[in-house]
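Okay, structure first, notes after.
Chain lettering (A, B, C, D, E and F) follows the sequence in which the chains are written, and residue indices restart at 1 in each chain.
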Amino acid sequence: MSSLLVVSAHAGDFVWRAAGAIALATSRGQRAKVLCLSFGERGESAKAWREGKTLEEIKSIRRGEAESAAAVLGADIEFLDAGDYPLRESDELVDRIVRIYREVNPSVVLTHPLADPYNGDHPAAARMALQARVLAQAIGYDAPGEPLGAPPVFFFEPHQPEQCDFKPNVLLDITAVFETKRKAMECLPAQQHMWDYYTDLAKRRGVQVKRNAGPNLGLPHNTMGEAYVRLYPQVTGELA
Amino acid sequence: MSSLLVVSAHAGDFVWRAAGAIALATSRGQRAKVLCLSFGERGESAKAWREGKTLEEIKSIRRGEAESAAAVLGADIEFLDAGDYPLRESDELVDRIVRIYREVNPSVVLTHPLADPYNGDHPAAARMALQARVLAQAIGYDAPGEPLGAPPVFFFEPHQPEQCDFKPNVLLDITAVFETKRKAMECLPAQQHMWDYYTDLAKRRGVQVKRNAGPNLGLPHNTMGEAYVRLYPQVTGELA
Amino acid sequence: MSSLLVVSAHAGDFVWRAAGAIALATSRGQRAKVLCLSFGERGESAKAWREGKTLEEIKSIRRGEAESAAAVLGADIEFLDAGDYPLRESDELVDRIVRIYREVNPSVVLTHPLADPYNGDHPAAARMALQARVLAQAIGYDAPGEPLGAPPVFFFEPHQPEQCDFKPNVLLDITAVFETKRKAMECLPAQQHMWDYYTDLAKRRGVQVKRNAGPNLGLPHNTMGEAYVRLYPQVTGELA
Amino acid sequence: MSSLLVVSAHAGDFVWRAAGAIALATSRGQRAKVLCLSFGERGESAKAWREGKTLEEIKSIRRGEAESAAAVLGADIEFLDAGDYPLRESDELVDRIVRIYREVNPSVVLTHPLADPYNGDHPAAARMALQARVLAQAIGYDAPGEPLGAPPVFFFEPHQPEQCDFKPNVLLDITAVFETKRKAMECLPAQQHMWDYYTDLAKRRGVQVKRNAGPNLGLPHNTMGEAYVRLYPQVTGELA
Amino acid sequence: MSSLLVVSAHAGDFVWRAAGAIALATSRGQRAKVLCLSFGERGESAKAWREGKTLEEIKSIRRGEAESAAAVLGADIEFLDAGDYPLRESDELVDRIVRIYREVNPSVVLTHPLADPYNGDHPAAARMALQARVLAQAIGYDAPGEPLGAPPVFFFEPHQPEQCDFKPNVLLDITAVFETKRKAMECLPAQQHMWDYYTDLAKRRGVQVKRNAGPNLGLPHNTMGEAYVRLYPQVTGELA
Amino acid sequence: MSSLLVVSAHAGDFVWRAAGAIALATSRGQRAKVLCLSFGERGESAKAWREGKTLEEIKSIRRGEAESAAAVLGADIEFLDAGDYPLRESDELVDRIVRIYREVNPSVVLTHPLADPYNGDHPAAARMALQARVLAQAIGYDAPGEPLGAPPVFFFEPHQPEQCDFKPNVLLDITAVFETKRKAMECLPAQQHMWDYYTDLAKRRGVQVKRNAGPNLGLPHNTMGEAYVRLYPQVTGELA
């Protein structure tokens, strides 16, 4: 059975950037698993720090919010608590990710793009997600489970796409699950200004879905979208 | 009903580079139409020129070969006889292509990539194919028929892919129709050395089909492939 | 006295994409001139065509709308009526643009970016705007007026920026004039769906203005922006 | 009050590549601070090694020269003595740089470009300068002082610019302070051949300053320049 | 016998940018031919225009200077007088270049790079030089002489290399002929400020010759160089 | 005397990708040394793992095969046994490579390209090979021997060249030694399917050798080739 693995640097990333893809997968009956390498406790929790919360309190809040959002989306979620700002790359952390690949055996992988001049944790997460995927493919790599196949990898959209050299080559129609994505976003009350921001972005990507699909497809006026970059060539039996 | 339009600079290009995609389309019952802007009479018929044939003889030979190959593939074929070496871009030629878009109403378009430092006719054909596609979309463009939708465009593989900045993002599994492609190639006896060359290439791209699909898919040892570059973002309801 | 020249393929482009920059210029007392190479009568007037209007009616409507929008922005406007879809590049048209450069003597030039796979008229306009700028600099070029200096050139934002390789390197704060931009947009009633689309885009670019300026600058919550690409190196006496 | 921070891999880099920008800043009354991660004791002191000097002697000489040059430019200077050839990236070193960001609170940052196939220390310094800047922005990062804003970053010119993919997008007019730059260069007697080399480069970049500013600006014949690459988009209220 | 063909937009280009390569070729006994598509009479003769000279006078002056420089270099020179600013691309002009390829049968071709945002004539000349080279290779192209082989193409250095995406991949040691190059430059008295400019550039490229050759080669202190970009892959029997 | 150093991530890489260059070097009497950072025991020995062999057995087998292939090619070989999947970058490993540079004093260096989304060990090996080369050039780097010169670096061909942004700029004619390369490949019986794969690739690159050399050179029908990317500019006294 096919399944989706999302490798995310911080606890909130998967909601803003990939909740549509996750909800589509679970609505088709696929398993979806979100792997948060950190909670985003230092770099993406400015409000909580200004309120004087402690590190442990912030991690706990972020965990709770992300678990709620994952539940809305019907996804499993796991936290590696590897620390953020900076998220440190290490053999140990990569090895933990390899083991999760072997356990989940994903048919599709989502992660951050490889460039982000505004946030070094995002590319660090992506590099580890990609390295672990290759290691998990090798029968000689010492970890439980069967060698991984070659699941396609998609990068989800960063906050300032052009500055991250993010040129979408896949536009995903998420109209059918957008309400679910909105509910997942609303699980993160500390970032309420993001709810509308990412709703607007979904509209904008939806316009591009319609534009690139062509008027003949009869997509509805309120088509909503998410943008992705496919890393490896698509393998197909039909050009379409 | 969906259909395939192939816009090719010379009479032989569609055989070496896209016969697999064409045969797959017709084997699914789709219409396929090949549009040859020229016969390749000056630039790709060295053998015939060395044998002392006249321009008209060469054009006639090339036409016959291409018609035979198209017949093998189950495709319609049309020749615009616009001249090659150089293939001249003009409003008139673009207008003729617009009218064919409106008539065929293709769901998929194949053409040359936009860069080729070894053959200026190839990018010229691609530029006209792309310009005509955009013009055909406009209701205000004065040509018969309904405005075109937004059919995806795929560039087929040039002779020296790296020098043409051709980085495949779609690998097409043509195993099921490779024998048909081979038969189509054999309709071009003047270029017999190309038969094996493009058979080898299909093997090579087939290895990449398997590599990128992953071992779990159980593709056969003799998987054959063709490589393409998708120009516009893929629109989809599922990441896969 | 400094002045702004905007070279636009169609009658509406300058409103959606550059009205903020124009309004800022005129609010500082600079002259702004908009040059529309065509009315966008074929390629960007689908609604009017569907309503059965004639070519001349459509051109007249588009002219009127653009004149109203220019008036709102305090800008001069001139139409070369060179035809669209396709906008044809010619020596004659370039020469007309050269003469306008010599007459306006702009200190800043705005035009389309050089790549747009969705609309060939946009890059055609940009190529002519750039070629004419270089020709106008030459004392030996036979046209009235003094040779042009070296006004910086900025590309304004295309509809699908990533697909046009548009990586903004200048973010313009248009908060002070956004209401004027909105009024100018409302001069184009046939494209009412664009009013909100480009208001959302201005918000989105405004978020990036704030993000790249830094929180210390105290920019307001509702900062609005436009994105540009500077073609030539910035010349300055201070890094800032 | 605005201030300038220069993060340099070795002790001499700031002189050849950024002395003009530093002198301009201090001449305007801004604070300028130079941070040398190493002395360049192994990789850029060939002459001293050939003379048989010890490591400590070389470091001492390099420190003295750099302090003299900084004094000429009116800049503070600090050495982290992290070692060169290779300059090793570490969390500890990045943390020290974060603390300096928080202390200096720069309004502008200068460092090396991210690619240099001739010298791995330069990109290593740049990566750390950029990572530390992002970390210093986070309130949750555990270091004294207020979170940093978003100071723009400029890469200064490497020795072989084209090979480092260095495409200048800012040309700085340093004519007014060139004599000061020359005096700073003359504080480094071991590299006397560089004095003329970088004087010639300043002339060459000065020609480009004039070319890109346009003849109308009336820049003097002996305009001198430095070239920079701006990393993040420029935020501005006026296109110019 | 091997020979060199230089295709140049204006009468002076070959002197500043390629005189070293030409002098090296003729000093080895090779034939060198310079083809000037125009005299640069409008775009590169500002001084003469300011002095009130007529078009014909300017063309005559430029021709004389270029002939003198070619004579110093031992090269043949031919002028096609196709006009500049703009240099117009046409089938007729390309055909004339094809015939020269067939007559000269060059073993090496030099021309401008394909991008130059400061001067549209340069890329226009390069496009025609490249197109003509491909056409001349076709036996079916109707022009006298034998089909051309596949001579390598080198782009010579533009005035602002980084802005033209000129990344040199060949550094030519012209020390042995630099005095000849200087004499050729001195045949162009109207551009005396260029003599030193291009002498400085030759020194700068000479430093890079030494740096990339390595100290072990014992190149002299005053090594002089020219930079080139090789367009097609180098074919060789030895990596070196 | 000139010599060749090949830095390879795994034990087999040098055979498939660079055996032609090695055999050409030794056939000219040059010294060739192959440095294998690992045996490829985990990532490239799937067959042995499936047969139940132990890690030590696999390393031993791989060592034996590589030694045989090196012997056929007339090359020295050394194994650093640094482990693969992942090949870990470390100061210690780089230092060992520096010492080998100082000992071999190569006139040419071959290694992997810097990008490979299918195998992270390859770019890791390349980064270390390049870093060590620069360190070995510094007299101040503490290792025995004389400072290295500036040997050119060539990247050999990866398995999926386009996906690794591998655009060959050097095509090496290996016809004279292809039989030797074939014999070297046959020393690796576990990868028998690669023998034909890389023979086909050599034919394909041979076609490009002929195409880029031109028909006039009279290269034989069965010309065989290897493709390379030269990293630093070529230094030469003659354009050819």
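The working rule: contacts are C-beta pairs under 8 Å (C-beta built on N, C-alpha and C of every residue); 3 or more make two chains touch, one makes a residue touch a chain.
Here's who's who by UniProt: A, B, C, D, E, F = PIG-L deacetylase family protein.
Treat the numbers as computed from the prediction; the structure is a model and nothing was measured.
Sharing over half of its contact pairs with C-E by residue number, the repeated interface among C-D, D-F or B-F is D-F. Different-residue interface: subunit A and subunit F share under half of the residue numbers found at their contact. Distance from the subunit A centre to the subunit D centre is 38 Å, each centre being the mean of its Cα atoms. Counting partners per residue, subunit F has 118, 163, 168, 208, 211, 232-233 as the residues that reach two or more other chains.
Across the whole structure, chains are in contact as follows: A-B, A-C, A-D, A-F, B-C, B-E, B-F, C-D, C-E, D-E, D-F, E-F.
The touching residues of subunit D, when paired with subunit C in their complex, are 2, 4, 21, 24-25, 28, 107-108, 110, 147-152, 154, 168-173, 176, 208-209, 211-217, 227-228, 230, 232-240.
Residues of subunit A that touch subunit D in their complex: 41-43, 45-46, 49-50, 55, 58, 85-86, 88, 117-120, 163.
On subunit E, the positions that touch subunit D within their shared complex are 118, 159-163, 165-168, 197, 200-201, 203-204, 207-208, 211. Residues 91, 94, 130-131, 134-135, 138-142, 231-233 of subunit E touch subunit B in their complex.
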